[in-house]
Structures are given as C-alpha cells and as structure tokens.
Amino acid sequence: MKKYLRTKILVYVLTFIFAVTIDWLIPRLMPGNPILVLVSRFSGLPESARVMYSYLTKAFGLDQPLWKQYFNFWIAFLKGDLGISIYLYPKPVLDVLKSALPYSLGILLPSILASWFAGNSIGALAARRRRLDSILLPIMYFINGAPYLWLGIILAYYFGVVLRWFPIAGAYSFGLRPHLSWLFVGNFLKHWILPFLSLFIVQLGGWAIGMRNMVIYELESNYSRFLETLGVKNSLIRKYAFRNAILPQITGLALQLGTVIAGQVTTEVVFSYPGIGYILTQAILNQDYFLIQGCFIFIIIGVLIANFTVDLVYVALDPRIRYSYGGEIS
Amino acid sequence: MLEVRNLKLYYRTLRGYVRAVDDVTFQVRDGELLGLAGESGCGKSTLGNGLVLLKPPMNFVGGEVQLDGEKLPIEDYERMRDYRFKKVSIIPQYAMDALNPTRKIGRYIEEILESRGINFESVRETLIERLRLVNLPERVLRMYPIELSGGMKQRMVMVISTLLNPSLLIADEVTSALDVSTQKAVCLMIRNFKELGIVKSIIFITHDISVLYQIADRIMIMYAGKIAEVGKTAQIIQNPLHPYTKMLLTSLPEVGVRYTERMLSGIPGQPPQLLEPPKGCRFKERCPLRDKVCDKDPPLVEIEEDHVAYCWKVKPNA
Amino acid sequence: MLEVVNLSKAYNVGPLGKEKFYAVDNVSFHVADGEIVSLIGESGSGKTTIGKMILRLIKPTGGKIIFNSVDIQSIKNRKEYYRLVQGIFQDPFSSYNPIFKIDRIFEMIREEFYPAITKEEWSKRVKKVVEDIGLNPSEILGKFPHQLSGGQLQRLLIARALLIDAKFLVADEIISMLDASTRIDVLNTLIKLKEKGLSVLFITHDLSLGYYTSDRTIILYRGSIMEYGDTVKVFKKPLHPYTKMLLESVPTTQKVWSNSYISLHGRNVLPSFCKFYDRCPLGDSTCKNVSFEKFEESHFVACVKVTGEGEHVA
Amino acid sequence: MSEILFFALRNKKLKAGLSIVLFFVLLGLFGPLISKYKDPLEYVGPGYQPPSKDFWLGTTTFGQDVFTQLVYGIRSSFFVGLVGGGLATLIGLSIGFLAGYRGGLLDEMLMMLTNILLVIPTLALLIIIAAYLPYRGVLIQSIIIGFTAWPWTTRAVRAQTLSLKAREYVNLARISGRSTLKIIIYEIVPNMLSYVFMVFILQFGGAILAAVGLDFIGLGPTKGISLGLMMQNAVLWNAIQLGMWWWVIPPGLVITLIVGGLYFMNVGLDEVFNPRLREM
C-alpha cells in the first residue's frame, strides 16, 4: 500500500514541477519578445506602461542566466506571486483567481458527485435489464460524444430562452451584491442550476457506460459463477458485482477530470459564470498572459489534489491494493 | 445415489449445436467416488458443470437426473437453486479465483449462508473443524483471498463447497494445475470427504487416469460426448475392453517405463468434431478394429458385474 | 556440448527492491553429445528460467553457459548461436502467430538462415522434414494453427529445429498441454532425433515423462539442484528426501499411494540452509551448507542426511 | 478474416455508427458543391434570417449563410480528427511499443512521463500552448492536439504490447534470429491492428471534441471557419438570447452525431474483434 501511494505521490510531485516548468518555458519558447508583446497590450493604459515595463523586465529577468530566471520564477511562485493581471489591472493574478475559485468549485464538486452517483446507478441498472440497456446505451454514447458546451447551449436555449425559467448569464442578478439573505441565495441558486445541470449531463454518459461494462464483466467473472453454483440469491451476486465494479469507477474519477475541466471551462463561458474558466477565456480574449498562466497553475493544483484524494479513497476501499504492493518480483 | 438417464447437453453456437454430452446414462452410488476421465473436449467438464449450473450457451436437450430418489431439475435454473450447495456442490476448475476478492473470507461465508437462509453460528463449529481437515489455520477467516496462496484458496473453496454436507460433490479438474506433491494431498483430502461421510458420493473429473487409480472406486471413460466404458477401478485399469481405453492406457508413460525397454505409441488421428459427429461409434475413425458394423450405434455390452462398454467388438465374457 | 556453470538469476524484490530473490541459484550441470537430460522440477523451481537463459531470452545474473567450449555471452552474432541451439516451448498454440499460416515458421528460417536457397528447393526440404517426423505434408502445410492439433503443432516445431539442423534443443514442457493420446508421439519423435545425435535438455514437471525419455536426470527445487545422475539410478534409488517425496506422490497405475508424510507448503528459505529444509521430515539445524556428495558412479545428492548406504540418518 | 467480415456485417452497432459517420463524410465532401454560396465568411444576405429556401439553415447576425459555414466546418472537423487523431495515435503507438517492448529503465522513464501528462488535463495544456501562438491554422491546431492527446493511448498500447510480448511466438521469432524491429513489425503489430484501429477511432473523436473546446474559448483558427468557431461566434453575439437556434444548435448537433457515431462504431468493432462480447 505504501509503495502504491509513494509511486503516486512521486508522479504528482513530478507533474507539479513539470507543469510549473511548462508555465515558465512556454512564453520563452514562443517567437518574439514576450515583454514587447505584453507592453503593447498596455497601450491603452499609458500611465502604467512604464511601471509595467520595469515590472515585466524584473519578472521575466531576461538579462539573467536561464537557470536564475527559472529559480526566481519558483521563488516568486512559492511566495504566491503569479504576476499582475492586465485585463483587470492592477489586481494581482492570485486575487483574481481567489475570488473566482468558489464559483467554479460550487458547480464542479456537486456536479461531479451527483453525476458519479447517478451515472453509476444508471449503468448498473442497464447492465441488468436488456431492454433498458438497448435504449439507454445509444443515448449515453451520444451524450458522451456531444461537445460539452453544446449541452450547455441547449439547456440555455430551452430553459432560458424558450421557457424563460432560469436566467442564463452571471452568478446572480446585476442589482444584487453577495450577502446572506433568502433573496440572494434564491437568486444565486436560480443562476446556478443550469450550469450545474449541463456539467452534470456532460459526465453522465461516461459513468453510465463505464459502470455498465464493469458490472457485466464482474457478473461474468469466476467468483460470480461460483456464487451461482452455491445457489445464493441474485441480490448477493449483484451486490458483490456492483461493489467490485464501483472500484475502477473511483479511479475513473481521476481519469475523468480532464473531461470535467474542459466541460467546466466551456460551461462557464456559455453561462458567463464568473469562475476560473470564464476568467481564463477573458484572459485569452484580452491576451492577459499572466492570468492565463495563473489559471493553468490553479487547474493543475486542483487536479493534483483531486487525484490524491481519489487515491486515498481507493486504497481505503480495495484490499487488493493494500496487500498486493508488498513486494512483487520486479 | 445419483442416476443420470439419457442426458443430452448441447452448446448453442452460430453454426449449430455442439453435442458435448450426447445421450449419457450412468449412476454414482452412495459412498462411491466415480472417476470421470477423457481427453480435452470429450464432454467430461460439461457433464460435471451441467449437473450443478446449467445456463447458456449450454442447453438442456433431454434426459433425466435423479438424486437420492428425487428428480433433480437441472434444466430449470431457478428451481435448481434450492438444490445447489445443499444437495449438489462443485469444486470448480477455477477454484483459485472463485472467491470474492474484496470480502474477508469469514464474512463472505457468512453472507453466502445468510443468502441461503442458514445461520452462520449454527455451522461455525463445522467450519472450523473442516478447516483443520484441509490443513488451514482458523485465521484465514479474517483474511482477504489475496493474502492466501493459490493452493490455500483452492482448499478454502473445497471447505465452502462441502460445508452443508451435500449428497453429491463434483470435483472438476482440481489437480491439473498442481504440483505432484500437492496433487496427492488434495486428492486424498477429497477422498477423505467421502470417507468421513461429509458427502455421500463424488464425481472426480480429470484427464489423468493414474490419479483415478489412486482414489476412485469406479472409473468412467468418455470419448467425444459419449461414454466408452465404465467399470470398477481394477477392471478398467487391469482389464480394459473398449479399444479406446486400451489404447489410452498403453500410451500412458509411467515411472517404470523407459523407451529403451518398451516403446509406447499414441492413438493416431484426432477426436471428431461434435458439431456434426459421425454416425455410429464415435471412435471408429481411430479404431484399429473398425468395420462396417461400427457405423451403427454401438451396443451396451456388460462384460461382468459393473463392467460395461459401448462397443461392437467387445464380447461378453470374452 | 553444453555446460552450465554456477548459473544464477536473481530478481530484486521487497520494498525498493533491496532484497534478492534467486529464481535460479548457483546451478551447474552439463549435457553431452547425443544425450537427453531431463530437468525435473515443480512450479517455481526455476526450470523454465534455466531454459530461457540457455536460449538467451533472459540474461543470467551470475555464472556462465558454455557451448562447445565458448561462453555464449561472448557470441555476439546471435544467429550463429541459434543455428546450433534451438528451443520448443510449452504452449503449442501460443508458439504460432495466429494470423499466419503455419508454413511461416519454416519460411522465417529460410529468410534468416538460408537466404541463398530457392523457394522451390526449400519447400522440398520442408516436405521431407515433415514426412520425417511422421506427418503427412499435404494434410498439414498451408493450414492455420487453429486447424491443427497441439500434438501436430509441437511436432512441426521439432521439424523446424531439424531444418535449422540444430545440435542442441531446449524442450520446455513441450507436452504438458497435450492430450494423453498424442503426447507420446511427440516424445518418440524427440527420441528418434536424439538417436541421430541431437542433444536435448528436456524440461518437465512430470517424472514419468522424464523417466521414459532421458539418459540423465536433474532434480531441481526452488532454484537449486537437489539430486542428479543417471536416470535409472535416480529413480530406482532416490536419495534426497525431496526426490523420495516426489516419487511417492507420482500417481501410477502400478501402485496405490501410501499414506506417507507430505508437507504442503514451505515457509521461508533460510540463508545457507538446504532449500527443502522447512518441508523435510528430517530437517534440523544440521541441514546447512550442503554440498554434492557422490553416492555411486554418476549419481550425486546434496543432502547431509544421506549415509553411504543411501539410507537417511534421523 | 472472412469470419471477422461475417460478424462485422451482422453487427448493428457498427452498421449504425458507420452510416452516420459516412453521411457526414459525404456532406463534408459534397456539401460545399451543392451549397449556393462559395465562401462561408461572405455576407450573402440580411442577418437574423431563420431557415428558408434561400438560406437553408438561416443566416448569422451579419448575414452569412449558416449551411455554407456548417459544411465547411464539417470539413475542418474531419481534418482535425484525421490529422490530430492520427498523430496522437501514431505517437501513442510508438512510445507504447517502445516502452512495452524494451522494458527496463527506458520503460520506467517513458511511463513516468506518460503518467505525468495523464494527470494534466489536456485542455489546460492545449490552452497554455495555443495561447502563445500568434498565428493558428487548422493544421497547427491539429498538430498541438495530436501532441497532447497521446498519453492514454501509450498506456493502453504498452499493456497490449506486454501481453503480446509474452506470447511464445515472439520468443520463437527471437530464436529464429529475427531482429527486434522485424519482430515488432511482423509479430506484434499485425496482431494489434484491430486494436490500433479502434484506438484511432477514439482519438479521431477526441481530437474533434478538443478542437471544438479550443475554438470555443477563443483559441481556434485565426482564419477560416470551424464548427467550434461557429458556436463561439453565436454565443458571443447572443444568438441564444436572440433565439437564433439555427445558428447555435446545428454545429453542436453535427459534432454530437459524428463523435457519437464514431464511439458507436467502436463498440461494434469491439464486439466483432472480441469473440467474448459477441452476442449469441
């Protein structure tokens, strides 16, 4: 078990270093002088251009040897200095991201958990009923093949424009300021429901298909067959199959994160929902490079934390991992 | 006592039915270990599994099975459920991965028993006694299958299968993956189940006739879905009558036989396809005694008490 | 012809791979010209690893393999080596690439070893060799592997070694997956070739096959040799408690098992102790630093309990 | 071979998926020829027009023909799928083969790299690379998608290679004096072809989806048209709020059908190649 976690942690640490390095490297690899490109972005803000120029020269430190630039980058990064946003000048990138993070998590976490439970239930159900299976499976495949943003668009169009049930932009109405009252919470939830739903549906297909296949596989395995020869009730066979099938679905949580992130970013854009994804698109449209890099790092850190959590849960649930990593012949 | 009459078990494939067990009649008496031997694809495993768990692609085509005077509804998956485990059990070929990998073994047994409406406490003592019988410590009940060696898992499955003292136990190729030393131990344990009265009778399926000589009371030889010969162990080994049995036994290398002293020879040819098996005797194409009469279904010839063969060329008391 | 000297294969195990597990531990033996030597061992004895090392499919971690007085690791041109030393493996169906016709194993040899020979000439040779091993070429050639029986496939592999004109053959459990009615034909083919001068290392877990086929026998347990010598001598007068246990466990149709002692599973191997120590009925603290003793002409055993008469001291 | 064809022709999922995909291939090939307008970006009529005889799928806010944009967009989607998916398959295959076949330290290092890239969400990686490119065409986009999408293929191919490598016929080729390269080409690859084909189909679909995501957040081709760009423009110009369904819905629908069809084909192929899954 320790070996399993140790290997995983090593991968995560290396991933983190790799990501930060990419973050540092990419602007330096691209053609042209990044500072000039950046400063040109400030032509609209003349009084700040000079300040910016000296700041950027310091930040990039292009006059210094490469290893020192890299080293400085890490120091600044560990101090929480991710640079200054251009598009929201003069807000530091970290502050921008910090205020956007709760909105993203508010949609991300509930949608992941809800669609995991719902998808697995649907998949397990489909594995047992042929009729249901033949109807559900194609639907799930097409949901899985739909671009994440398109599901959002459909929901926005139908519930927001045709039925006019829910607002389709922002996290709360323009006139309101965030505070704790029934009015605000109600308003917030009304804005929350469609982005949540579209992200929920995005992930549903993958879970359902995965679970269906796993349950069928487990039901055909030798231990299920042996249970049959012992004449036990079907409910026990299914219970075991379900439990064993759910284990890979937990590791699947980590693998699905890529899809979820992509879904999250585009969904926020469709609904102009002020999370990290929306900020990221604004940063791209405004060529706010510090902000783009900051978003990248934030996403990576989030993904790493999520991965590690999944590993811990998995180790707690699957005895095979706990015992098999003792000492294999390598 | 198990009585099987005219049993036919076919596999359904896209190209038609594979007649894996085709019109088989035999019995296993109380207190008896019947050895079932034959080459791969002769239908011995199908027969063994069919008596416990008959499900697609295996199909019941005909015949009747009676256990202790009661009809065994092997063709009815649901009605058969009551008989499994309590009356008929199997130690499957895949015994080494027959346990649920994510349950501690004690809890697993508890849940199985509960599912059959049996209180765990009422069999706890039996269970512990049986563990001792197969040389497993009591603490395995607190372990996960992955903590056990392959051999230990197999013996655990042996204990579970026989826990409710079924009348009939089927052991399907349990020793084929084992080393000789372990093979001997496991064979003797299985025979012990019968001798201690835990099970009334056993069908021991194997491709190794010399193993049967060690433990079987009677031996039944199958070829291409049909019975070739049945008899007491000594009758089959010392006085084989069906040409197939004879050739099988003379092709058997054993410690004590060297090529310099006696060059053995195999059986030329291959077993027939069971999709469209040949008419008459199924061994005729490989048989040195073959003639026209073999195109008709071979008769059952009783040579002496308990010793029968399905062959035109075997004469009673010859 | 072939000599194995202090051969070892160790794997790193345990946390961080700090411990060593010896699959093959300091094994030495030789195979003379025109001789069949059987290497008998249960699963985990390291017998297959030895075979693979001789075929240079696995690298040893210690010792050497000497073929015709040359250390095989020093033969840089593998083809040169494979022209003389060949192998046949356990699973006949896995030995053929399922998507090609079986003729391909012969064609591969022509391409790699005899590119100068024309296809017509080659197909004549293939036919002859297939006839030599007792198969009918017109029934066999041009078929796919799944259309033939395991016995036929294994015999074709023997034919393949014949075509290369190999001098030494590693036969690794070549009949363990075959049916009783066909396995003996494969053995007889092998014996016929031996009589024409081929040397064979016959790896098996089945004592009766070893006895039927081989001139000399090596008994292997957990990577170490327990006993070796002339086949008839080893089988008629087994000396090592392990060999005795094996012979008592082998089922035959001649004798019924006695209810003798069997220990099912061993525990850990203690350093410098005999590998069989923990399963041995005679095992005690003296079973250390065992070396081979000559018991009689061409019959050796590694056991401290064996007396000059071949009896055991308790 | 004939057996595989036999099952392939009987497989409903394969047939359904293939029909859908083929339909859009044809639409992408011949659509621009039957369309009334030749340039998808040209302003050919009044804006805000719902579908009509003149504009089969209506017009955009600015009066561009949606149908013309759609068929050109399909072309670029297939292009991205082919190039991006193909590249990802190729890279994944090569690294997977190499790691699985050679083993040892090389394997461990390659797998470490693969595992690292697997943790990083592809879109995040794409964004950081694409954001710094001053010029982006469909080709460049396909290439960076190909270069970021290979890791899972590598992992799967490596596992396959390891299992094939353990087959005795590889050892037999070895002792027949075959070189490593020849063994990979003649013994391992042919047995993986069906698998590789399935991987390619999945990568094809994945590349199309990745491109849509990139386009939508503003990292699409700087000129030309694609289905993702259509949706980006539509959302940007409030097509949802204005109820212009003919502009926002069709591009996504087309992608859903293409990718869903591809996935469906894949399930069908899996059943064809894998006898265990064949329905009786």
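All chains are identified by letter, namely A, B, C and D, in their written order; residue positions are counted from 1 within each chain.
Here, a residue touches a chain if its C-beta (ideal position, glycine included) is under 8 Å from a C-beta of that chain, and two chains touch if they have at least 3 such contacts.
Computed from a predicted structure; not experimentally measured.
Colleague: Hopping along touching chains only, can you work out the least number of steps from subunit A to subunit D?
Modeller: Contact-graph shortest path, subunit A to subunit D, evaluates to 1.
Colleague: Going by the contact rule set out at the top, which chains touch both subunit A and subunit C?
Modeller: B, D
Colleague: Select, from all pairs of chains, the pair with the highest number of C-beta pairs in contact.
Modeller: Greatest number of C-beta pairs in contact occurs for A-D.
Colleague: So which chain ends up closest to the centre of the protein, judged by Cα positions averaged per chain?
Modeller: Looking at where each chain's C-alpha mean falls, the closest to the middle is D.
Colleague: Could you work out how far the Cα centre of subunit A sits from that of subunit B, in whole Å?
Modeller: Taking the mean C-alpha position of each chain, the two centres sit 55 Å apart.
Colleague: How big is the gap, in whole Å, between where the Cα atoms of subunit B centre and where those of subunit D centre?
Modeller: Centres of subunit B and subunit D (C-alpha means) sit 52 Å apart.
Colleague: If you average the CA atoms of subunit B and of subunit C, how far apart do the two points sit, in angstrom?
Modeller: Measuring from centre to centre gives 31 Å for this pair.
Colleague: Two or more other chains in contact with one residue: find those residues in subunit B.
Modeller: In subunit B, nothing touches at least two other chains.
Colleague: What residues of subunit B sit close enough to touch subunit A in their complex?
Modeller: These residues of subunit B touch subunit A: 52-53, 55, 80-86, 89-90, 92, 94, 97-103, 111-112, 115-116, 144, 146-147, 157, 160-161.
Colleague: Once bound in the complex, which stretches of subunit D touch subunit A?
Modeller: Those residues of subunit D that touch subunit A are 112, 115-116, 118-125, 127-129, 131-134, 152, 205, 209-210, 212-213, 216-219, 228, 231, 234-235, 240-241, 243, 245, 248-249, 251-253, 255-264, 267.
Colleague: Given the complex with subunit D, which residues does subunit A contribute to the contact?
Modeller: The touching residues are 11-12, 14-15, 18-19, 22-23, 26-27, 29-32, 138, 141-142, 144-150, 153-154, 156-157, 160-162, 168, 254-255, 257-258, 261-262, 265-266, 269-270, 277, 280-281, 284-285, 287, 289, 292-293, 295-296, 299-300, 303-304, 307.
Colleague: Using the touch definition up top, name the residues of subunit A that touch subunit B in the complex.
Modeller: 221-223, 225-233, 235-236, 240, 243-244, 247, 318-320, 323-324
Colleague: So in the complex, the part of subunit B that touches subunit C is made up of which residues?
Modeller: 39-40, 135, 149, 151-152, 179-185, 187-188, 207-211, 213-214, 237, 247-249, 251-259, 263-267, 270
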